[in-house]
Structure formats: C-alpha cells, structure tokens
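Both complexes shown next keep chain A, but they swap its partner, so chain B is in the first and chain C is in the second.
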Partner chain A sequence: MRDSRLSNLLFQTGSVVLALVLTTLVLLVAGAQPLEAYKNIILGSVGSWDVAANVLVSWVPLLLATSGLLVTFTVGLWNIGIEGQITLGAIFTTWALRVLQQSGWNPGVIILIAVLAGMVGGSLWALLTGALKTFGGVNEIFGGLGLNFVAVALNLWLIFGPWKRPGVASMSGTLPFDRSLWMPIAEGSSRLTPLTIVFAVVGVLVVYGMIEGTYFGLKLKAVGKNPKSAYILGIPTWQHMMASFALCGLFAGLAGAVQVTAVYHRLIPSISSGYGYLGLMVAMLVGYRASLAAPVALFFAALNVGSIQLPIVLKLDSSLSGVLQGTLVLFVILGQGVRARLIKKSKEEA
Partner chain B sequence: MTDSALLISLAGVLAAAAPVLFAVIGETISERAGVLNLSMNGMILLSAMGGFAVTLFTKSVVLGFLTGAAIGALVSLVVAFASLTLLRSQVAVGFVLALLCRDLSYFLGNPIMGQVAPRLSQQPIPLLDRLPLLGTLFFHQDVMTYLSFILVFLVWFFIFKTQPGLVLRGIGDRPAAAYVRGANVNRLRYLYAVLGGAIAGLAGPIYSLSVKAGWKGTISGLDGVGWIVLSITIFGGWKPFRAALGAYLFALLQWLGLVLQPSLPSVPSQVLQVAPFPLMILTLLFVNIGNAEWVERSLARLPENVRRDISRVLRALNATPPAALGLPFEKE
Partner chain C sequence: MHVELRGITKNFGSLRANDGITLSIPSGTIQGILGENGAGKSTLMKILSGFYRPDGGSILLDGQVTRIASPADAIKQGIGMLHQDPLDFPPLRVIDDFILGGKAGFFPRRRDAVRDFQELARRFDFSIDCDSYVDTLTVGERQQLEILRLLWLGARLLILDEPTTGISLPQKEKLFETLKKLASEGMTILFVSHKLEDVEILCDTVAVLRKGALVGTMGLPFQTKAIVELMFGKEVPLAPKTQWEPGKKVLNAKNVAIDGIRIQIRGVDLQVREGEVIGLAGMEGSGQAMFLGACAGLTQPVGGSFCLDDDERDMTGRNHHDFKREGVAYLPAARLEQALVPGLTLTEHFILSEGMGGIFIDHKRALELAQRRIELYNIKGRPESPVESLSGGNQQRALLALLRDSLKLILVEHPTRGLDIESTVYIWSKLKERCAQGTAIVFISSDLDEILQYSDRVIVFFAGRVTPPLDAARLTVERLGRLIGGKDWESIEAEVAHA
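So, the complex of A and B:
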C-alpha cells in the first residue's frame, strides 16, 4: 500500500515535470524566453493583493462548476453541456434582476431571488440534456454540446435584441445594473466579494459530504460504477442520472449567477468564460474526487489570471495558460495509464 | 439573384463543405475501427494554423496540406496510444486534446496572425467546365473540392465492397470475432485511427489555405466546426454517403444564414451563424429516438398499419454506432 502510494506520487510528479518540459518547448518554438513567461505568470497571479483577489474572483465560478461536475462524473456522465448551464444561469439571474430592479424591494432580497433564479435556470438546462439522453437516446456529450451552442445563440440574441443597451447594442453586453444590486464587495478591493467565496467553499463541502457520506451518494456511485447491476439491486438508473444532472445544473447556474451579480454586473456575450470546460479539466486532474478540487481549481484560476498580462508585457498570447493546463491533464492521464500498465506487468510476472 | 449568381453561390457551398467532408470521413473511418476521436475541434484548428504557417514560410501549398495531415495523424496517434495501449478513456483524452490543441494553435499562431500566404487556386477542368449548369457547379473548383467528391465514393467502396473494409467493420463491431478470424485488432485500430486523423487533418489547411484563407486566431471562425463534425458523423450513421449529405446540409444552412441576414434585420448576425448547431441536435434526436425504449413501447400500442409506417420512417433515419466504439479490446 505504501509502495503504491509512493509510486503514484512519483508518477504524478513525473507527469507535472513532463508537462512543464513540453510547455517550455512550446515557448522556445514561439521564440519566447520561458523563464520570463513563467515569472510573468507567477507575478501576474500573486504579485499584488489586487491580482491575488482576481484569482479568487475566478476561482469561485471554476470551483462551483467543478463541484457540480463531480456529481455528474460520479454517476458516469460527461456533462459537457455545463457551459450552456452556466450561461442559462446567468440569463435567468439577469432576467430576475431586470424584472425586480424597479420593484423597490430590499436589494438583498432581489439579489437572493436572482441567484436562486440562476440556479433554477442552470438546472433546467441540465435537465434538458438529461431528458434528451433518457427519452431521446441522444448521448449527453453531443446533446450537451448542441445545447451549449443554443445557449450562446440565446444569450447573443438577448444582448443584441430585447435586452440591448439604450441606443446601440454592442459586444460589451447589457447596461450594467445599479450598484445597489451588486453583491457587496470587500473593503479595499475592486472586485472581490466575500459572499461568493462562502458559496464556493460550502458548495464543494456539500458535494464532498453528499458523495462520501450519504446513502444517496452511495447510490450515485453504484450507478456510476455499474448501471446494470445497480438497476438489478433496485436503484432506478435514469432517475439518479436525472437527479445528478439537476444537481450539477444548480451549481452551474450558481456560477452563472455569480458572474452576473458579483463579477460583471451585467450580461456579456462570453458570460460563462470557459469555466465549464476548465471545470471538466480540473475534475479529470483530481481523478473525480472532491477532496483535491479546491486547491487544483485555485491553481488553474491562478494560471488563467496570471497569463492575462502576457500579451501586453511579452507579446505572447494568453492561451499559454490553456496550453499548460492541457499538457498537465494530458500527462497525468497518460502517467496513470503507464503506471497501471507497469503494475499489471509486474503482477503477471510475479 | 440571377441564375448564374445562384449557381456560383451553390458552387461555393460545395467548396465550403469540402473541409467538413474530409473531417467527417476521417472521423467515420476512425470510429468504424472503434476509436472515438473527440479531439476534432482542436485538431482542425491546429492543422489549420500549422498548414498556414508552413505555407507562409515555404510558399508551398502542398507542404501546407502535408503538415495538416501530419498534425491530424499525430494527434490521433496520441488518442490511440492513450486508449489502445494505456486503456485510458477515449472521451477524456479526446476532450483534453480538443482544448489543448485549440490553445496551442492560438498561442503558436499569434505571431503569424493576419499575414498573407499563397492559397489554393481554382482549377477549372477543361471541357467539363463548359457544361451548362453542372460546369459552374462542379467543375470550377479547387483540387481539394474535387478530391472531396472522389473521397466519398472511394471510402464507401473501401468500407462496404472490399475485404479490408470488411475487417475494418469487424474490428469496430465485433473485435473478438475479428481477432479469431486472424485480424490484429489493436494494430489495425492504430492504423485506421491515424489514417482517419490524417484525412481529417486536411480539413484545417482546406480552411486556412482556401475556404477561409488566412489565420486570424480566435476570430478565424473555425472554433466549433470540429464539434459539428462529430455530430455529422453520428447523423451520417457511419456511412460515407449519408455523412456527405450531412456535410452539404450543414454548409447549405450556413450559407442560408448569410443570405437571409439582410431580410431579417432584427436577428443579430451572430445568432444566424450558430443556427445550424441547434438544428444538428434536432437531427440527432431524430436519428436516435428510434433506439429509445419508450418509443418502442408506445409504438406497440398503435394500430398495425400506422405502426408499420412510423417504424419504417424511424428505421430509415436510425443510426446504430459500431458496437465496440470507445471500448478497449484485450485478448484473454
């Protein structure tokens, strides 16, 4: 047991090193100075309180998306449609805010209702993917992808159509909401909202507790491990799949609501900011276990924020963070494969 | 719109469908062998950027296309190695590569954005291009578009009319049976995955050297095409002609989106550009719904003659994937 832990650690470290080597090669091919680029990313993510706060701002939706995905991964579903679920969450939140902003109600109540509306929106969109799979036989990957595009189209239509700014509609999104409808921002910071950090932390703890500590979580795991035997044992398969879609959608919708009420304070065309796809990467990297989700999501958020300055300072594209994240996940997956193969071989020889 | 203008537009639709066709046919070959290559979206972007870069520096269009094919083959090799040799999930590896290759293309392509490279020129076919209607439509194209017409026939013939094609279907449908009959399942899966990847990799340079010549980074308008390719592969039921129909429908819809734009001023142009995507889900729904249990159950309750008609329609639309798609094969 100790031995296998050690070899696991060794392989994980090896994968990280290989990912760094490959990314460095990519940087060299691009004619850049790798050390300068890495230094820039580190300074760009922890160099000052302001950028560190930005990392937390981007950590919240990423961790929320990852938490939701851990639920769908537990039942063995690939919820690629999460991008659309985040977008629908943002749309529902914006809609609720628009309806209630002139109502004269307490702003706190309005924000609460708007956030709940976002969660419902995300959940409904996820259930649509689930229904396509359950009743239409459409694989959740392709149904989800298609619905992502539909969500983008819907979002653009709203921004350029019914919800356009007075005057001329633009890619910069809808008119920002009144400051009273923003989630409260921490003193001395420009964007950090402590409440959203509470959402993210509570969210990942709830998912961890539910999967590891409840009967419902056990049933989800059973469906994920082997749907047929779970069904024979009396666990209705499709109902549990639908439930996990709905739960994941709640988290995705919350992420969208956070983007509207705490980050952008309006609806913008790329409101989901790719957090859904990035969440899938984080979930894969942590081996679909909730315990490591928070730190790994923080690291990924730091890479994203850290690379924002690259185009200005070093004339490099900010997609470098995606290259580093991608190679990291790829090599960890490959490393696990190599390790499994070696273990199998040594068992056969023994 | 005059007749000849319409014809030229439709000829443009055929050319715009060529890259989609190459990608769909490549994916079909790979999936027929049992290897689901989900990396398509990133792969097309990377081969588009790579092909453009090589053509930019060497001034050779041919080398650009070879680069595209090589990138496609290489990415597919990673998917095949991870899934066939290391037994990792094809979906996981494919998805990671889809994102990784996309970001890689944006990162490496940054310095060559907006530059002008040689592009593939039209090669009217002598005599045939004088044919009324058909001449303008089919014989005023570039080499890759001609090849796209031929490719469909060629791959159809290979899959359904030749002995190796039979083995190809075997290793994707019943690998154990194919193995017993003497096929080296994993080696052939490697071969077809890489071959399919190379064919699909040509889609990139067809875009960056012809259909949407140039490399413009995130605004190249290629992000998303790969996901559509994967849907069309399902729509095509893993059959070349039906896949070709899907590719042409998609290109036609995109063209209609552009044409209808002026007459629908209230709909933002961005919405019409993504219009084909929702339609793809609807088609997927029709293609798959015959497989759902409740459909069979409710059909059974209908009167005999109605039931027979409906199930005939459903069966015509239905597509069943290769039985061992995505599953590893291990000899005991």
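So, the complex of A and C:
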C-alpha cells in the first residue's frame, strides 16, 4: 500500500463505518431499533434552533479542553489531569464571584475577573501535575489522575461545606448567582452565550497559530517528538513541558469558568461534565492537529446533546453517545495503526 | 555440541553485517570470537541464539541442519546465551528468576527447582542464596545465576558476550575455571570479547571477524601481533600531517572522575588547545563516551573540574546549555535518537539550532537559511524533507550544518560511523575547516585508522583505565590495538610514574 491521501481517506471512512456497525450491534443487542435511535440523535442535535444552541453550549468547553490538550500533546505529555484543571477553574471562578458579588462593582468587571481567576486556577492545578513530574518523577498520567480525585473531593467539600446553600446542602450545587453575574445570553435563546463561542473560536485559533507559526510551538514539537535531541539542540526541555502544562491549564480553567458563568451559574458536583476526558478523545481522533479540532468537537457535542433524546423517546440510556464516541476513536486509531503497518510492509517488500 | 556454521550471511539494509561466515567448533572447545565494534560478532551470536534469522547459509548442530526460530527455540535445542547485560529480572528472587523460562509448567515445583539449583551451585562452587533478590547480587553473581539457569535448561552450547566486563578479578577467575570445567565435560563455549588477554588465557582457538567477514582463525599458541593485525587491518602508511601549532587553551579537564553504571574512570587530565584534534580510542563502553559527555556538561563528574579558555573559567557542574552558550557543541553518534528530531524537517532543524529571535517564525528567512546550508554542506535533501528520510551520511552532514558559526570546541561521537568513503572524506574536510578557524575537536572513534589519521593526540580507554594524551605521530595501529585490547598498560603506567 502507498502512503497516499486516498488510502488515508479510505481508512478513515472505513473506521467510521466500522464504528457505526459496532454501535448498531450494541443497539440490536439492547433490543432497540438502530435507525430509530440514530434518527433521534440527529433530530436531538439539529432538529430545532434550541437543540442546536444546546450543541454549541456543549461545544464551547469541549473545544476549549481539546485546544489545551493539543498543547500538551504537542510536547508529548498526556495531560489526563485536565478534568481536575477544569474543576479547579470552576472553583476559582466561583470563589471570585462569591467574593465580589456584594462589592457593587460593574458586573462585567466581576465576570471578567472571575473568568481570569478560573484560568489561573486551572493553570496552577496543571502546574502542580507538571511539578510532580519534573521535580518528583511522578508520571503526568498518574499525577494528573490523582489530582483529578483531589479536585473532585475539594469541589464536593466546598459544595457541602463552606459554600453550601443556606439551610441544607444539596447535590444540585451552590446557590445560583444573581442573573446580573451571568454571562450575557443571546436574545431568543435560553442558554446560548455568544461570548463563550468567541472564547472557543479564538482559543483554537491561538493554539493553531502557536503550534504552526511560532518558535515556541516549533520548540514544543521538537521536545514532544524527541526530548533528548531537543535538549542537545539547545531547547530547555522541562521548562517547555511546564509551560505547556500552564497553557493547557489556562484553557481548562477557562472551560471551567464558562461552565460556572455561562452554563450552570453555580458550582455543581460534576462541574467538569467529563469534557476533559472527551477532549482527550477528540484530540486523539484528530491526530493532534488543531485544524480539525473544531469540527470534530462539534460532532462530539452533537452526539452528546442528541443522545439526550434517547431516554426520553426510546427509553434507551443516553450513554449510547459514549459508545459511539469511544468506538469511533478506537477504530480510527486502529485504522491508522493497520495502515501504517501495511505501508511499512509494502515498503519493505519493495 | 558440535557447532558448524556454513556461509552465514545477514544484511541490514545495505549493510552486510555477516558475510559468508563458515566456522566449525567441535564439542568441548572454548572458541574465542574477536573483532572490533561493528565487526559482526553480536550479529553472528544473535543468529545462533535465535534473535535474528540469517539471510543465507546454514547452522548445523551435531551434524544436523537446524533452523533456530526464536531465543526460546534456541535454548530448547541446547543453545544458551549469556548476554553482556544479564537478561534477568532484578525485582525477583533468585529462585523465581531461575525457574522463569523453564519447563516447570503452570505451577512450578519450587522444591525440585531449589534442589536442582543448590546442586548445580555446589557443583561449581557458587555461593548464591536462592531466596535473595536478584538486584542485590553483583554483576558477577548475576552472571553465575544465568549460567546455572542455562545449564538447568539443558544448554550444551554456551555463548558469552563480553562476560568479563564489570566483574571482579576473583569472579573472573571463578568464571574461567567454571568454563574450563564445563568444556572438559563436553560443553562447547563461544567466548566473545575484545580483551585479548582474556581470550589468550581462556580459549583454545580464536576466530577474528572484520567488517562482517571471518578474516582468520588461530590456535594455540596465540601471537598477539598477528591477532591485532587481523582485527584492525594492516598498517597503512599515513600521509604526513601538517604540523599543528599549539594555540590558546580551550578546554582544561583536570583530574576528572566519572562514575558509570559498570565502570568508573579516574584522574583524566586533558588540555585541549585551539585547532587541536584529540581522538578518544577504546572499545565501546570503555568510558570514552562518558568522558565526552562530561566535557559537554551532559553528565556530571564526581571529581575533578572542567575549565574553559585561557582564563580557566570553571564550568564544573554546569549543564549542557551553559557549555553550549560558551561555544561547546556536542554531536552524538545516535543521530536520530539524540541529535535530530524525526518528524521535523531540515528547515525546522535549522530554525531551532539558529535560535532565531521573535515570536513568529520568519518562514522566508528560514527557507533561505535552509537552502544555503543544504548547498554549503552538500546535503542530498530538500528544505522540507523530514530528517529521518535522509541517508545516514546526509544526516551527519545535516548535523554539521546545524553547528553554529563560531565554536570553541566540537565534541563528536563516531563522526563517520556507517558512512561511505565519500561522506567520510567530506565530513572530515568540514571538521578540518573548523580546526583551521581555531575550533578544537575531541572525537570518539572505533576506527583506529581514523583516530591515527586525524588526531594530534590520542587518549586510550580500557575498562575504566585511561592513558594520558599520547602523541599520535608516535603511535602505530598495532600499539593502539594492543592498548585497546588491554595490553602494554604497565609500560604506560610506568611512563606516567616516571614523569
């Protein structure tokens, strides 16, 4: 086989088809009508302006997380701790809002400070993972995973402890903030906040530009592809890893801040909503290329939102979207692996 | 076991690692296999022990043509290999390590294994506690454990790859005694080494490999001179070198001590002057790479100091980037692993090494830079070629092209290893150009001709021992070969003591 665009396209398409086949099998085993289920997912994500807006609401934090992860993947790091970084972003944002809500300042300024605080929080949490790796020799996957649990525990403690609702603490989170502290919602929509879409789009463009166009991005690539050679070439390796952690944390923190200021308007126990893990999948699926992150993240967000219809209409569990997303990633990566082997084999034979 | 190799050939790409090797080793023989680095010893042993399949030729064990499919298959057929770094399991207990890979079945009968182990250990007078952990053993004891394990598995041919590196003298004597005993019982032994002395003490016969081919065999009594000649080739008269004028001091290494994993080097003194070329000779792993790395700040010495320039700026303890800023460049031998970044293009490498300022990459300037360097260094590749797509020679040219303009000192590991003649000549012409501009060069090579031809002075490393810098003009290939093989060190040490 030749290493051509055509073979690449064939394999990508084949992977998607296989993922659909497997998901269909799962549906059949579950005793559901596959076509009916797919129809509902599609209708549930683009069937009306309102659900389409919901897709965008889900797209923003997912794309932010993915953008951040593209930076850490570029430098060769598996920042699985991004979930905790999103959570800490949300916590810092909530904290800033709580401190400033009675200050009488302009709400716009308060929201801005809260968002910045969230970014700092996410970044600090990411730097903690980086410091554990750099100075403690703890692999970033283990450190990140551990810190994810710590972040969840911290979040729960705040919700059920110091920041609990007056009267009785609740799984539904802290008391919602005053409407003036919500990120402005688009007219005629219930949840869509145009400003957050700007964040996401600018974010992914910044990451794309940074990786493809700057010296810093090139150095990240060099460290990611071969840290030993990068060091000999004069690039300080651990410093670049720390910087990429910090950057990814900024994006994760921003995602957390968006969740608080634009989606839930309070701190809830599952504030990260799994966008970090989903972002890892999106990043893997796009082969760590920023150019494809936005559309694929949109597709995943659509699957997420669309599958909410399943339990309502078909009495199926909404985790079906997870099955489809997971198999998709597996098959695409499997396809890349098989293709690489075939190309290598035919090269050896030649 | 009577082992017969007939026309064994193995290619790696265009490199012929084994070239029609034919050798017959009767039962009970201790056969020495000699050769310099890259001569094809390891490849041949790996073919015998099932790691590689030969491209041509056949292996006969006790007269039967045999196919050895895998290392597991090899031991099934009675071929046991003792690797230079023991392939054991440091976190396990000795007895578990012993049982692993054996025929013990799913639930090993430990009691039987313990009995067998103790019986074997008693036979060879090894004292290893079977309940201790492997990582608490010395290298020599781990070797003994491996030998016992291979014997237990029924090895009738024992291959030992550089077994005397990193073990103590009594352990070495014990090993030799054991091997002689085994041979007297009919065991066939292949002893791969570069230490002439060990081979001469132990072996009944030696075979010398050179550039993949068997160039000669010799029985007792051995003639060292003839062996050295077989290993390194005949003396070639060299063109007279241009006289080198000592310039300013560039690097001053004083009483340097470095601890490696297996060897330690002590008391290395070296003053390098502008435009000078220093060759570091020795078999791979004799300490020269450690020393070169320390000169670049890549590894830290445990004693002594490194100073730069006439004003003796102390750089001891500083990292590689500090050395780099001072104009010290380091070119490692593992080009794609340590020097270049596979996946990045030539242009991207030039951008990185040039350290261009600003935030955004100036693609136009970068492309111009790449084109200029590609032309200047005659690299067969395009600016947008990924470095891994270049041939070895062109990768090496690229490495030189990446060097910044004014450098004090270039440290090179194996500047021309694996390169064809054209590239070799070219690389050295470029390095010599640098010397003419006042840059000093310290390089490692296992090619003695290269060492003698290009160096002004030579330091020889052998198992952690280091000669003082020797005048290259007064060295011969034979003398260098003997030093590398561990001979004549008394005279060197006497000279030092005398001075």
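Heads up, the rule we're going with is that the second predicted complex is superposed on the first by the 347 of 350 C-alpha atoms of A that agree within 3 Å, B and C clash if a C-alpha of one lies under 4 Å from a C-alpha of the other, contacts with A are read in each partner's own complex, and residues count from 1 in each chain.
Convention: a contact is a pair of C-beta atoms (placed from the backbone, for glycine too) under 8 Å apart; a residue touches a chain by one contact, two chains touch by 3 or more.
On a predicted model such as this, the values are computed, not experimentally measured, just so you know.
On the superposed chain A, the positions of chain B and chain C overlap enough to count as a clash.
In the superposition on chain A, contact of A:D317 is made with chain B only, not with chain C. Chain A has more of its residues touched by B than by the other of chain B and chain C.
By the touch criterion defined above, A:L70 reaches neither chain B nor chain C. In the superposition on chain A, contact of A:G137 is made with chain B only, not with chain C. Touch criterion met: A:F216 reaches chain C, while chain B stays clear of it. By the document's definition of touching, of the two partners only chain C reaches A:I235; chain B does not. In the overlay built on the shared chain, the residue A:L334 is in contact with chain B alone; chain C does not reach it.
In the superposed model, A:N226 lies in contact with chain C only, and not with chain B.
On chain A, the surface touched by chain B in one complex and the surface touched by chain C in the other have no residue in common. In the complex of the two chains, the chain A residues touching chain C come out as 213-216, 218-219, 221-222, 225-226, 228-236.
The part of chain B that touches chain A in the complex is made up of residues 38, 78, 81-82, 85-88, 91-93, 95-97, 99-100, 102-104, 106-108, 110-111, 217, 224, 227, 230-231, 234, 266-268, 270-271, 274-275, 277-278, 280-281, 284-285, 288-292, 294. Considering their complex, residues 26, 29-31, 78, 80, 132, 135-139, 141-143, 145-147, 149-150, 152-153, 156-157, 160-161, 169, 269, 277, 280-281, 284, 316-317, 319-323, 325-327, 329-330, 333-334, 336-338, 340-341 of chain A touch chain B. Within the complex, the chain C residues that touch chain A are 320-321, 324, 330, 332, 336-344, 348-349, 351-353, 355-356, 358-361, 402.
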